[in-house]
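The structure that follows is given in the form of structure tokens.
Lettered A, B, C and D in written order, each chain numbered from 1.
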């Protein structure tokens, strides 16, 4: 049997605890040796439920442990650059939840440390690991339906998060659209220019901190294709995640899966189920698969499937979208090039 | 330009007036020279609306007219054999609405006259002319998905007809299932044996004259395939017309078309349209196509696409289904062979 | 019986002959008294096929005939303003094919004459008469799923037209997108601002005259909703016509209808039919319905369902899209206000 | 925290090892204390992979252990009655894989011992625990769409099992249809009479031992509803599991889920994914849920959701279907009543 990778998880909140559970139950390639949260009681509760032996409050303790090869960072976004730098400096391979950072400078500094340290970095763009999105990627990239012309991504949450969450999340483009920016790059390639429009049609309270709840971004890709990303904080019929790519000789489309395949017919017509409530359900297998692949990359010394540059570009596209909104004009992505 | 076929329509009730309208508006290959109904005022109303010059009460008048090449019979079922015999004896080609007859002896006598006279006969099994059922026929018969194994036909009316209609229609198997028996033969071939079950679950009034409103017939075909036909007088979500054929290397299926392709999503899920209300809507193009092809067969002296034997066998299968119900046993179709 | 409206058709090319056929066969409310084409032989051929008595070469002849109440204009676009002015001055009610004009000044002049003459004008935006788009309009406007947030229109032709056609059609935005601009206004209301992007990915020959074959327009509506229109000259799987509207409490979507409802299953999965080839098939009932309603508006002296202002605004949006492409910036529709 | 139920698994072949894995990973309500297989090395391999401490060869050893409250029996069918009797006599609660037995006498003897011992018995009809079938059950039983009229079950394997498997499985009706008989009873209620037809169209080798690979059973239910079950050993497009129930005021239907929701469009039309390969994928969550509910019934002393009588009736229906085939006639279920 091949060796297991010793890994620790830093941050055991909503996403962190999902990763912890997956590592224990579904990723035999990994050996979860410790978990960490500054709210020690939160980490302890997770550890109790899953029989995890080692729980620490300060992540430096884990970085000092030479038996730990890799860390999975699922803390608050503002702490990402710092922990990445510390972990890279300690020679640990890193899986970091998205977004890498909301600040370009901090992020670039962290990426520089990672590069210098020569450790692996993977960013948590889980949707790339969905079997449907992967199959579309394969169809489009095989050329069997010609060259891509128009991309559409529809990505809508079932309901708005809390005001507390919204206040610190980076706003629509860095919290929600960032996933779709990464998907756009995954499917079509680099974006050359974008133009964003949006409005507040659902939760007027967010106007005070300048956020939007209904947005459309139009994209020009470097390869000549064009596209749109449409986002909303509220699709009452469930978590709406669709994508389609028109190519010169065909098209490929990912549709939603409903909660059940039941159809009820009556005098009013036919009635079918809502969509799965939210990302934890819709993308459950992706959260397992992305970490499994990271662990195998560490074990077998292979490049990670989602790089630091991928993480950076998604943030850049989010920042460009906000710039487009502020300046009411199309924005070239080259305006954000590293100097 | 090719010559037009002179045709007359006998019987201008519900189905007859549909054929009249189609002949006038959509079948330029025909020249509708006269229409006939013993209820002269019914025929006259149809004639007025469509600017038809000649209206008669007695069909013998039309049979005596040497300029008329063909007649379309859409009178009450009990009159079919007699009119067929008279028309054939007068040398007219015949399109006759289904069922040919409810009585085997009368029907066989009429078919014998047709054969002796050497005129063409086509029976109004309109569904054979539906593009979807034709395409399935083509797929299955091409062998591209192997040999047929299991046929399913689902055929349900949106609501029960009137008691008056039900009293004289020949009951479920000769009124509704007869279409499906013909479809089964069209798709798979001759039936060897059938077994029928049924119940009265919708309109208790029909018990008095021994009819059923909910039935299932299971079929063994001569080629080894098996199948079922399911019928109901009431599918409140609309006229339900489906078929599927499992073959050794695949399957082919015809699904319903809804009234619109609209989906409405809300907090309860997704809602889509009912099915088209009834056969006049669902099979509208078939009523045109069957008569167009009949007219062309007369014009070009070709065999008709639905023969007298096809018409006979559908009736035989209907009679066999009733026999199966009465005798509570599987019935061989050979029990109805002509002696 | 109510009186019939005497109407004449000017221009009997592709669209004109469709209208002529519909008027003869399917619109009993109208009395088609004459048809006209400067290519007299073209008009004569149409007349022969449909038994139309009066055929003229010069439309002025028809305008001089006091028995003619209304004209349907289906000539080349550049001739629309002139014929509209002449017909309005002659007191004829007017149905004019889209686009009203490619030139704003000519169009405004023609609209002024129409207004002064007090005749009715309807523009041929046939898609408004599609049962599915009408039902969505009704759902969205009823408020049953809240206020509209995001509109998507996908509108793709199966294949590029000829170079000859492309050279004079006004380019993508005035030839294809104009229908979608009208649909956007029909469903959501006035557009406040738009931004267009596009590329030439299919037919490089069109670069010489500055056209595009792949475009996306993003829209801001006056009521706060946002949206996109995506167009392509080539969807090899058939004529792709979809629309969806996300609202605060739900969504409504129009999907395509396939040529058949057949599904074939085999070792590779399931296979279903292409979309109907083109607009003549997809929108056939709309071409009848729009003219039927126009005729009834003339007969009953009611306002037409698609006004001259509707025709004007669709052209304005097309011109704005071209301006956005040329100037690489979002364009306010108010830039095109009449002074 | 509530107490855990001590359980042991007897038989660790294909199905047994699935249950073992589920008990270890996904059913925290249970404490899997031991596993058993007469092929000790098979059990040991499973134990090694999942870190199970106790492995035995002889199930009597487990029955003698007072700490074990319940056993899950997943051995060969012929051993079921004997092990059930031994386990019941030892006071253990029992979860037994389907079918309970292929012999009516043995089965009835075992059920009598269970009844006398007063232990709980659940039979492994996993499909009852599928969310879609459960939702249909709920819709139909609520009466919201009226009374049930026609049931259809389509249940087709992707490919035939090995000859070895086929030789001992009880044939089509006791191996495959047995699941559908249980589903029919779950959805509609007791069957009054059935009639079966079938043929060998796929694997001629099975003729020698009298099996069928293509069958249709028609059903009369005690409540007046009727129905059909269609089975095939080979649906090359994947594991086909559908059900629909027509009721007096509507219908409810469970359709298949495809492997992905991708649609690829090209010049030939649209192409979508095959169905999931087989029952382990399609019904994975049901295997967990049925055992979880059994464990909770033991823990909380509640009746099991699938009773011994349910297990018996499914076998009776299978035997009746074989009798119908042999005697070529409809068979009353009352012919199998216990005396």
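The working rule: a residue touches a chain if its C-beta (ideal position, glycine included) is under 8 Å from a C-beta of that chain, and two chains touch if they have at least 3 such contacts.
These numbers come from a predicted model, not from an experiment.
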Higher-contact pair (C-beta pairs counted), A-D versus A-B: A-D
By CA centroid distance, what chain is farthest from chain B? A
Cα-centroid distance, chain A relative to chain D, in whole angstrom: 40
Rounded to a whole Å, what is the gap between the Cα centroids of chain A and chain C? 43
Distance between the CA centroids of chain A and chain B (whole Å) is 58
Tell me, which residues of chain A touch at least two other chains? 235-237, 249-251, 265-267
In the complex, chain D touches chain A at residues 25, 131-132, 135-136, 139, 145, 249-257, 259-267
In the complex, chain C touches chain A at residues 147, 149-150, 152, 154, 156, 195, 197-199, 201-202, 214-216, 218, 220, 224-228, 230, 232, 234-237, 246, 248-251, 328-330
Chain A residues touching chain B - in the complex, by the definition given at the top: 235-237, 258, 265-274
